[in-house]
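Each chain carries a letter (A, B, C and D) given by its place in the written order, and its residues are counted from 1.
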Amino acid sequence: MIRATAALALLATCSVAVADGPRARELGVPFEGTPGALDAITDVAGVTVGQVTLIEDLPGGRKVRTGVTAVLPRGRQSLDTPAYGAWFPLNGNGEMTGSAWLEESGQLEGPVMLTNTYSVGVVRDAVIAWRIRAGAADSSGYWWSLPVVAETWDGDLNDINGFHVRPEHAWQALDQAKGGQVVEGNVGGGTGMSCHEFKCGIGTSSRSTMVGDRKYMLGALVQANYGTRETLRIAGVPVGQDIPVSDSANTAPPHGDSGSIIVVLATDAPLLPTQLKRVAKRASLALGRMGSFAGNGSGDMFIAFSTANAAAVNGGSFVQLESLGNDYLDPLFIAAVQATEEAIVNAMVAARDMHGQDGHFTPALPHDRLVELLKRYGRYAPPP
Amino acid sequence: MIRATAALALLATCSVAVADGPRARELGVPFEGTPGALDAITDVAGVTVGQVTLIEDLPGGRKVRTGVTAVLPRGRQSLDTPAYGAWFPLNGNGEMTGSAWLEESGQLEGPVMLTNTYSVGVVRDAVIAWRIRAGAADSSGYWWSLPVVAETWDGDLNDINGFHVRPEHAWQALDQAKGGQVVEGNVGGGTGMSCHEFKCGIGTSSRSTMVGDRKYMLGALVQANYGTRETLRIAGVPVGQDIPVSDSANTAPPHGDSGSIIVVLATDAPLLPTQLKRVAKRASLALGRMGSFAGNGSGDMFIAFSTANAAAVNGGSFVQLESLGNDYLDPLFIAAVQATEEAIVNAMVAARDMHGQDGHFTPALPHDRLVELLKRYGRYAPPP
Amino acid sequence: MIRATAALALLATCSVAVADGPRARELGVPFEGTPGALDAITDVAGVTVGQVTLIEDLPGGRKVRTGVTAVLPRGRQSLDTPAYGAWFPLNGNGEMTGSAWLEESGQLEGPVMLTNTYSVGVVRDAVIAWRIRAGAADSSGYWWSLPVVAETWDGDLNDINGFHVRPEHAWQALDQAKGGQVVEGNVGGGTGMSCHEFKCGIGTSSRSTMVGDRKYMLGALVQANYGTRETLRIAGVPVGQDIPVSDSANTAPPHGDSGSIIVVLATDAPLLPTQLKRVAKRASLALGRMGSFAGNGSGDMFIAFSTANAAAVNGGSFVQLESLGNDYLDPLFIAAVQATEEAIVNAMVAARDMHGQDGHFTPALPHDRLVELLKRYGRYAPPP
Amino acid sequence: MIRATAALALLATCSVAVADGPRARELGVPFEGTPGALDAITDVAGVTVGQVTLIEDLPGGRKVRTGVTAVLPRGRQSLDTPAYGAWFPLNGNGEMTGSAWLEESGQLEGPVMLTNTYSVGVVRDAVIAWRIRAGAADSSGYWWSLPVVAETWDGDLNDINGFHVRPEHAWQALDQAKGGQVVEGNVGGGTGMSCHEFKCGIGTSSRSTMVGDRKYMLGALVQANYGTRETLRIAGVPVGQDIPVSDSANTAPPHGDSGSIIVVLATDAPLLPTQLKRVAKRASLALGRMGSFAGNGSGDMFIAFSTANAAAVNGGSFVQLESLGNDYLDPLFIAAVQATEEAIVNAMVAARDMHGQDGHFTPALPHDRLVELLKRYGRYAPPP
């Protein structure tokens, strides 16, 4: 069994490797809009991300390729202060625990956790236990009792039947969550994931936008594991048609668009829950740009939250809050589409070739061929 | 064809007659909670109600028994200021135009109109025309272009195939809307309606409630046309079992629970759209108290709005608003159940016997027998 | 830590005790409709129920009062054959994992598991593990990977922070599930639950009904933990007003309607997923009859499934199935209201006084006083 | 006022003009998948389309540029036989009457009507009146009483405040509906519509697809009126960036993405209502491909129906039907994305320059520049 220390060691190694590679826009992929300083969900002030990556070859040929990613809307302050939130399932072939209360209350009470399909339960209960360990729960006793945990399925590369994620891994992800750069690719909950039959995983991006005379940030983080090769489009270029699977070295069995993608959208714009649901829905349009058809087997689920209105969400019977008029939301809708699109491409660009369970191999998207195709289709945007 | 003047004359007559009768609690029906001064939706400050009643016997045996009821969240100010709102369809066998935008925006932009099933369209377009007549529309040009119009089916007593509601009737209901007492029973959109196979129609009620140290009002207005006799319960008393249809003089053909009920809930509590949806849902529990099973043919649809936060809803890009914490909503949930329950019973108590189309006759709930049953089952609450 | 064997022993003891008591209709509570032979969800052919009850006083004053209840739509055949299904959250302050896929697919793929709030995760992953142990998963590898697990909160009487439910308990509940009589009250997932501030837990009931010339069964099983005393109505009798909490010996802290109720509805009628959602919604009306206002803190969630169409649900690309016309569903809607209502009252009648965590005590509904009230309000129905 | 005969004459003229132009794939736009014989929604056997186009310059400078499009799922048989159906609102800033019953029942009972925003009501009631004129309604009396009518806003080019659509226009569209070729562009409900700030209107397309060894057809018809220029992508080519509005001759005021699009999807595949909702949702992904961000002001609403299972939908209490396993739906999901994408581009390609109300002018997409851009970006697909 993997011990936490081993997992941490692997995480460190992995981070360095991944951080060395270029991101999508550095390769010349043209994106619209203006990213934040880090081009990451952590550009939204207060948002922290923690990731635990489990990569280990066990006796008996079992390959551990999985992990946990934690997104805390308000960092440690998330312990005591919820955030307005909402979700939207484009295709509900997946799990997002806590979604019923998120929908009903309009509040995200705690972190968003991402892991593999078979480990949702252990991570969920671990979040409650972590909150209890942190001190007395709220007076009602219910706070943090309906954690949000979402998943995608990594059973091609990971020994998913081995249930390798343990409570400690969730606790580490929570404890280590921090702002700043976010490691992308084969990391955290995304460790064993694939997109469009290329290796994939965690990706992130952000957009800075103006609503009236106010500046707001919107960030996206995806755990991407969806899509068939054939339909893949990047910046409008039919990459999937030009790099067919027959041209790649995939050895995992094909199973159509049965992967799933979780999109986490964060913003500091003071949106109401109804408005955040609208923002979450826009992730669908980014998937459309990528060529997804949201296959039957794909759990395409999106969650959005706002870090504004901390006092209101955490308040008493009578609270005061801020919001934006519906007529002024378009910049945020556009930002949601753009940031999700770039986060997905970032996940594909950052991911690395992976050998895993049952001799399966999933290759990364070849950077050189992507650049070549961008140029051939007149879409290459030279990095600055 | 009925001319507007005729309709007005009839309305006046009808109002007087109805206003003379007792209301449910005056008969001794026990209700929970504390009503507002009028025990009507108009106890919520600013809410106005206008009703046009069309009762006429036309040549050829056609019986007109229908009308229009208008509820304006902010009276004439509704022309320029929306209200936060939400809806919930317990059983969607009905129409509520405008519900998609209500759901998406969280705003009720204009009045709630109630009429018969075949006249939803004429009333809907008439609301837009009325707004255009009132002066230049907003700069966007869209305001009031998705009116909320709901219906129940009065084809047993009314010559519904005659399409007797005309734009002028909607305009009159809007023009005449006012605060104060609300006529109940065979009036407005409820003119030809029946509940539990007794004559029914429009009913209203309100509850005054405390949330923390603040006092809020919640009002209900129903256009009630649902239910089978057998399952009718009033204040827990099995009235339907003790006054079977075979004991009444009904001559309309029985068709099970295929009537429908529209419930309009208004409050001055500063609720967000997500919270108003929760309030709307609670009307379901009042129907449960009445013995409804929400039959396949019954369009049971509920809408709730808040008159608070006028500046926010009508505001610019950045707005400030007030709300209540979710943990403090129970008094409003209880009020919604209680006010809806009483509004339904009020509609039944206020309604009068009606002869209509095709020789159909629907008797009113006999007050004396209701009182007798309340006493027999130990539920009689002597009026003050 | 509780071992499985201890739990089983306790279960056996508990069952006998509970089985000895009268059920609600044996006390004289009047219900509508015709129950099945057992008046239980297991009257629906094929449905099996397994329950593991954990009651133990641990060193340090920790009181274990919790458990797991498993409902298998098709008994052991549930391993390989889904059932059409749907859910409806009246108030989403709760968890029902698997609901997104249930909603999307219209299929219930596996059992419905009930437990306490903090143990949803462990039970969820345990269901997947149990399926893996049972043999090779389906070729897609996804089957049973999104289990349905719902919960209510037993932290008043149970040491919920102790996380006493373990995978073995879920496996036992699944392994031991069988048809026949269902133990009610302080058992399984309902062990530590309370309703209307009386001790409560698991309850069940069924209705036999005719649709056209065909006979169908509908059964309900509830894990009931909702409601305030004041609003409690049984068969229309205001029990809560006549037996106030001040008259009971409750020592757990009051916290309004923050309990939750899970309703599981099963039928052999061949309903489509859209139709099953409609059936699930009708549980709301039963809660209305009981006096519930679906408080903010109450996770009131309902799930319905059909055991018909086994070949279709489990079929290939092209399948043939049976259904009922929407116009003919009313008997099933009525049955859903009636069976849910009786299941709740059965849970209250079967439950026994319980001492638990932190010295909390929750008394059972006193049978003698219930009978006295039924008689006083003219609602006593002498048992045959 | 426009008389019906005038409208018909205009329709004929318009049709000829439009039918003369090339369709998108004839210009060289590359699309995926295999279209049906007509590449139109009428490739789905039984589906008929009727359109009434109102183009007239009235005294006082009022410009009539509007109309009605009717889609009948089963042609004249739609009078007596519903179809399984479902809808999905990506952004609910629009109206689709009848959607509540469509959602609840899973059945589309009658035609889908498309018109302008202010004429939804007149068309809705006219559909009921048309059914009544066609003979005795069904025994329940409710059939066709909740018509589906959707809209987009043509107030830039059309004198929308003039309410020029009359019941006769709806009746004509219904009476004249037929199979075969469907006129696209400035026609029917799409007469005055614009997309991405180019003239737009009605467009259609279809896909032939295999599910297992069975061949199914899926067709799309759109009334397209959404989108900003800047984000327009056609086949991945950034057309909107390369043909900015400043380069066009638009004189209507810009108002962002506040247009709306209605997508009607028809298939002969035997899908259940839950499955049709999933198909409808996929239209979102086609909008993503086109560059839409579903602006706040855009009512993006999709409806899908199946012509299969006629006997079941129209049946008695017990019915037999066919369906497809969820695991086999991907070909239909892909077809929905592809057919919607092509229908939108067809609408843009077929539309012609239009002068309208208040001197507004909206230019058509210039075919030569589109071809030039397709070539520049390596996406030109020479027509056969």
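Here is the rule we go by: a contact is a pair of C-beta atoms (placed from the backbone, for glycine too) under 8 Å apart; a residue touches a chain by one contact, two chains touch by 3 or more.
Because the structure is predicted, anything quoted here is derived from the model rather than measured.
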item	value
Partner chains shared by chain A and chain B (touch criterion as defined above)	C, D
Of C-D and B-D, whichever chain pair has more C-beta contact pairs	B-D
Furthest chain, CA centroid comparison against chain D	C
Whole-Å separation of chain centres (CA-atom averages), chain B against chain D	35
Intercentroid distance (Cα basis), chain D paired with chain C, Å	46
Overlap residues in chain A, where contacts from two or more other chains coincide	91, 104-105, 140, 278, 297, 326-328
For the chain B and chain C complex, residues of the former touching the latter	32, 90-91, 231, 233, 235-238, 256-257, 278, 281-282, 284-289, 291-297, 326-330, 333-334, 336-337, 376-379
Contact footprint of chain D on chain B as seen in their complex	89, 91-101, 103-105, 117-126, 128-129, 132, 140-142, 145-146, 149, 153, 155, 161, 163, 255, 258, 297, 299, 301
Parts of chain A lying in touch with chain B, wherever the complex brings them together	104-107, 140, 211-212, 214, 270, 272-275, 278, 312, 315-328
